[in-house]
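What follows is a pair of complexes built around chain A, which joins chain B in one and chain C in the other.
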Partner chain A sequence: MASIRAQFEVPSKTKTWSLALIFIGVLSLIVGFVTKGMSSDEHTKTVFWGTLMYNSIFFTLICNASMFFICATTLAMGGWQIAFRRIPEAISVMVKIFGPITLAILLYVVLVDHNHEIYHWLSEEAKVDPILKGKLGFLNPTFFAIWTTLTIVLWIFLGARMRKLSAECDEAPMDAETGTKFIWRNTVSASLFIVWFALTVASTIPWLWMMSIDAHWYSTMYSWYTFASSFVSGMALVALWVIFLKNKGYLEYANEEHLHDIGKFMFAFSVFWTYLWFSQYMLIWYGNIPEEVVYFKHRVQGAYKGIFFLNLIINFICPLLILMKRSAKRNYTIVTFMAVLIIFGHWIDFYQMVMGSLSKEEVTLGWFDFGIASLFIGMIIFFVSKELAKKPLVMKYHPFLKESIIHHT
Partner chain B sequence: MAKKKFVVGCFKEEAVLFPAVKKVRTAGYKIHDVYTPYPVHGLDHALGLRETSLHTAGFIYGITGTTTALSCISWILTSDWPLNFGGKPHFALPAWIPIIFEFTVLLAAVGMVLTFCYLCQLAPFLKKHHFHLRATDDYMVMAIECTAKTNVADLKAFLENAGAFEVNEQEAETQWWLGTYDKDQQLIRDTTIEIA
Partner chain C sequence: MHLKYESQLREPLVYGEKDFHQVTEDICRPIEAKPSKLWYVGFFIAVALLMFGFYSIYSEVTYGVGQWNLNKTVGWGWDITNFVWWVGIGHAGTLISAILLLFRQGWRTGVNRAAEAMTIFAVMCAGQFPIWHMGRVWMAFFVMPYPNTRGPLWANFNSPLLWDVFAISTYFTVSLLFWYSGLIPDFATIRDRAKTKLRKKLYGIAAFGWTGSTKHWQRHESLSLVLAGLSTPLVLSVHTIVSFDFATSVIPGWHTTIFPPYFVAGAVFSGFAMVQTLMLILRKVYGLEDYITLGHIEAMNKVIVLTGSIVGVAYLTELFMGWYSQNKYEGYTFWYSRANLFSPYGWSYWGMMACNVLSPQIFWFKKMRRNLFVTFFMSIIVNIGMWFERFVIIVTSLYRDYLPSSWSIYYSPTIFEIGFYLGTFGLFFTCFFLFSKYFPVIAIAEIKHVLQTTGESYKEKVGGIEAMQGEEFAHDYAH
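Let's look at the complex of A and B:
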């Protein structure tokens, strides 16, 4: 067999492109800060911080979804992902960078700026509001700050634990006994992460960070909805990196069988996302109770109508029809196209989740949103490729490597 | 109905089975089927089986369910017998989606099960020929179909060389569905007539 190119070298073109994207991002951040962030108009300022919030939350969550993918497959004793597991690992490192950024933005909004345009529960009115009064045990600056900090620190810490374990696969061959122990230690670490993930992404964090913008409104499905959104775009991100590395001639062990399985995740979780989207929407539509409808009213019938239904078309109809066929999930071009579309679609979804509540009258989508997105995308490209170059791409001594190489769907 | 002659070889290891399949196919013998106690990954490729069209059938059943349910409900609730449910419009699409979805799943599931039974030639009360009962336990059983030109003794020796630890010869009826007997059956009958 031809020798395996295990060591990734960052192509200079990739570096240039990522730096260009970061440059555009920083430029729009500065211009945005001057024109919007320092504006005397309260609403313009809110739009500035809201844009930073949904972008940082979205990109943190999709990078964290990579670690969730690793832990979920580890707990399921999955072996097929080993051929490309270094990629979700490298993506999950981004939580170390995006996490603190998100933390800084959220803490600034809550603790320094006391922006009650964004979080209505920060205002004085909330203390006398009959509905909000009951929620203040959960929605208060102290709890917000502690829980947010704890969440991000533990994501970083528990993720680092998993990555540290994976480094052992480069050191020495494992016999049956060390291999079994290694898998067991992975299982323990992965369970810890999963439990924390369930307590944060799958429940409290989306309520706290995003749902509480509509402080009066609530939906128990909101967190799962956010999780589905972030996980499906996280898988799309993994798919893009796998295809990128295959194009550069790396990852010889990963082939269309692995791509097929990633494609299945993209397909299945697009449908899962729609299931939650619909469940949330239909119950509220059918009940038609004013306090519940308040979230959907301006989205379905107001300024956000276009974006709201575009969102459904991009995130449901397109994956359903395009990714359904087996041959489509095994086709590199189609999967690349769909991955880009899905990430864009869920970015739009996060946009309308946050900005749809902050700027109800007009859609603010414009150069600033795309500029900030390009900052985050540039950072993902720059740091993930740098991270990939640090470790061999093949987990040479992982007990399940062979299972992954002969993987067959 | 006409019975066919088969030479049956039993294997215990996947590692032996795969090269044996390759050898048998290269030698030009016609493998009727390989019966395994569990799904063996990659065996379908090794056997050169074509991709199943079961999923296409499933899609067609599903889309039939969707259109049937949608057209039925919308016709009933908008023109045949419009009712007012909680002030909702008569064409209340979101409320119908669960029913449309369930009907899609129902048709797709039942249709695919029946199609699967048809493709595998299974039916209630039908007794199928087992080439080896331990194919359900720990043997991998390869059945090779004999034609008029097959030299059975050669084939047996060939299988033993390829790693089969048990080889025997069987006459069996393997197809049952009306009109779907193999084309080869015609071939065998033709040659028998010629020989006779």
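Let's look at the complex of A and C:
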């Protein structure tokens, strides 16, 4: 009986690649800061900060989606995911790094820079604008700073609690009694995270961080839409890491059965995202109220027309047609391709959500956007692989491990 | 080798020392015995209510919709409230049979048959309301789009009300097929056990000549998969389109983008509450406690607390946006007509909040989830709350529109509106009583399938495997 390879060692090539990406990212950041961030033109400056905002928010949310996945499967008493659960765990650690980065960027924009090109509610005009004036109880720097800080701190803290519990699976075998207690403690922790997640990601945070850029506009669907977009990309990220580790000869217990189920999540939540996209778009189009259609007007008919349809093609048509087949979800190459495509597609979605409001006349997508994305991707590769090497990849004594080993979809 | 195994930490889905024969015996017993007195009493009450419903509809058709208290702004009242309420209830069955199948929730097998039956009956009740609301019901066929002699007068394809016709009839058809195809093997079982000729003949017809051959099972399995695939989007689409009935308008309180997913969550919420109500009675009366276990009840209560909380987030989102939008009309609807307890209908908004958002939170506690009395009480509360939700949405948005001169007087239903609603209860329970007498209320074949993995007696036998550690286990059993 050959022993399994539970201890991950970061391949030197991976490290080099991640550092190269980080290097490109830092370089772009510096050049971007000099050419855009320090520009005397307000619009160019806005593009600089907007790009940092949507990237940091997007990558924080997709890493946080991993912890959501862990907590949701824990509450549902899922067993199948145990074979690869250490992966979402490692990804969720990124919230510790990306969370403070996002916090710093947002607080700089709101508290230091008072950038009213980004958040109109920061301008003097907002105090007299009949609509904005009424919103200042929610859209004000103090509340923004407190709620944003609290949100990120609790995501980190509650996520860390879950990971700490997970470490107990490496210690000693559990009998029925300790197993039951262990599951119970996990359930309690997971529900705390889920409740906080509902109060932030599924409601207040997308309003505050992104929807308030269009300070006059509102849509009740906005937060659930943002959640769907980040969750499906989060699942794609998990898929990529599972495949990466499989290719390096780790994760013996995870096989195409598990990949198939991750693929189902990618498929189902792509369709779910489309459902929310359609519901929001169709109702606003059908109602045709000027205050509401203003959001879509330039996105559908103006400069963003291409991005608007690209968004739908990548995030709906492609997953629908390519991932529908059973064999596709079990194929490492296809799932890798689709995972990259989905992450890219939703990154574009976040791009249009934020930049579509900040730069209505022209699409600024270019080297700077890709440079900043490469910084975040580089950090994900660097830190997640480091994190994976810290704990065994298999939750050796988890009470549901055996269910996961014989998992059959 | 393909091993069927699940952790000992999970509760058995079937209790007791059961073999396949015992399962058949337990579930067929009520069908083969004479109905109890209680059954007759219940059935009689249901039929009486149904008759009352007939009378109310007769009066409405004869004298017109004026028999109801609808007025100049409240053009939809109890009728559409009840329609949405019943459609919502009709969501649990397909969710259990399709979505929970995709999520591999083994416990669905204990409750799916009765839940699907409930779904079908609830959709039948729901359909009554728009039909009779037409007034001139003999023109009902106008909703069907076909080349006709009425000149260019076609159904209005731009109207969500027409989408409803398609959505609900599709949903009804697929649910019925799904339910029936599952029943076929079980009908064959009853046919084979039948002692009288008539029984043999009738169940024989119902079983479509099922012999249980491998070929039959194979086709049955692939049909189930196809129907599950069709049902999955239907679970979402039906209530989504019902929500469009409101949300495509520009009425304050109706035109809000979150409506589709929030309606779906609410529908599942109310559907599960109704399943709980029925299951708690069924398991007691038929002695099916070994099959519909406390574990099943607990799982359904978890769905209730989840969907109740999703609905809660949606309520608060709407309320927040009523203020945040700084739209006077939205603000008036949400903060005056609804959230203000002292406005004419404020009581209904707070009734809804108390029943749907606050009270289900007790199901965060395991003790409460497993308490039969609390569960039964809560299932009723949730159904009352979900009725209020539709009433709040419809009436509080309508009774005061943009022009104060056309504000309506307080709307309350007439005896014919109430009678119609009670009549649908009659229809629902008449069908359900007949179902519980003549149909196997638990899917016999499916229970046998999960018995091998999750039956109490089976679980005791796999203690050896349970003690194995991961590596050894993987070596012996992994595929």
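Here, the second predicted complex is superposed on the first by the 408 of 409 C-alpha atoms of A that agree within 3 Å, B and C clash if a C-alpha of one lies under 4 Å from a C-alpha of the other, contacts with A are read in each partner's own complex, and residues count from 1 in each chain.
By our rule, a residue touches a chain if its C-beta (ideal position, glycine included) is under 8 Å from a C-beta of that chain, and two chains touch if they have at least 3 such contacts.
Small disclaimer: the values here were computed from a predicted structure and weren't measured.
Following the overlay on chain A, a clash is recorded for the pair chain B and chain C. Looking at the shared chain after the overlay, A:L276 reaches chain C, while chain B stays out of its contact range. When the two structures are aligned on the shared chain, A:Y286 is found in touch with chain B and with chain C. In the superposition on chain A, A:L321 makes contact with neither chain B nor chain C. With both complexes superposed, C is the one of chain B and chain C in contact with more chain A residues.
Once the two complexes are overlaid on the shared chain, A:M38 sits clear of chain B and of chain C alike.
Of the two partner chains placed by the overlay, only chain C lies in contact with A:K402; chain B stays clear of it. Of the two partner chains placed by the overlay, only chain C lies in contact with A:S203; chain B stays clear of it.
After superposition on chain A, the chain C segment that clashes with chain B is 202-210; the remaining candidates among 76-84, 94-102, 112-120 or 202-210 show no clashing C-alpha atoms. Touching of chain A by both chain B and chain C, each in its own complex, is seen for residues 286, 406, 408.
By the touch criterion stated above, chain B contacts chain A in their complex at residues 41-42, 45, 51, 55, 59, 86-88, 94-95, 97-98. In the complex of the two chains, the chain A residues touching chain B come out as 278, 281-282, 285-286, 288, 324, 326, 406, 408. Against chain C, the residues of chain A that register as touching in their complex are 1, 3-4, 75-77, 79-80, 130-132, 134-135, 138, 173, 176, 179-180, 183, 191, 198, 202-203, 207, 218-224, 252-253, 264, 275-276, 279-280, 283-284, 286-287, 289, 291, 394, 396-397, 399-403, 405-406, 408.
Taken together, the chain C residues at the contact with chain A in this complex read 2-3, 5-10, 102-104, 236, 240, 244, 247-250, 255-261, 302, 309, 313-314, 316-318, 321, 323-327, 364, 465-466, 468-475, 477-479.
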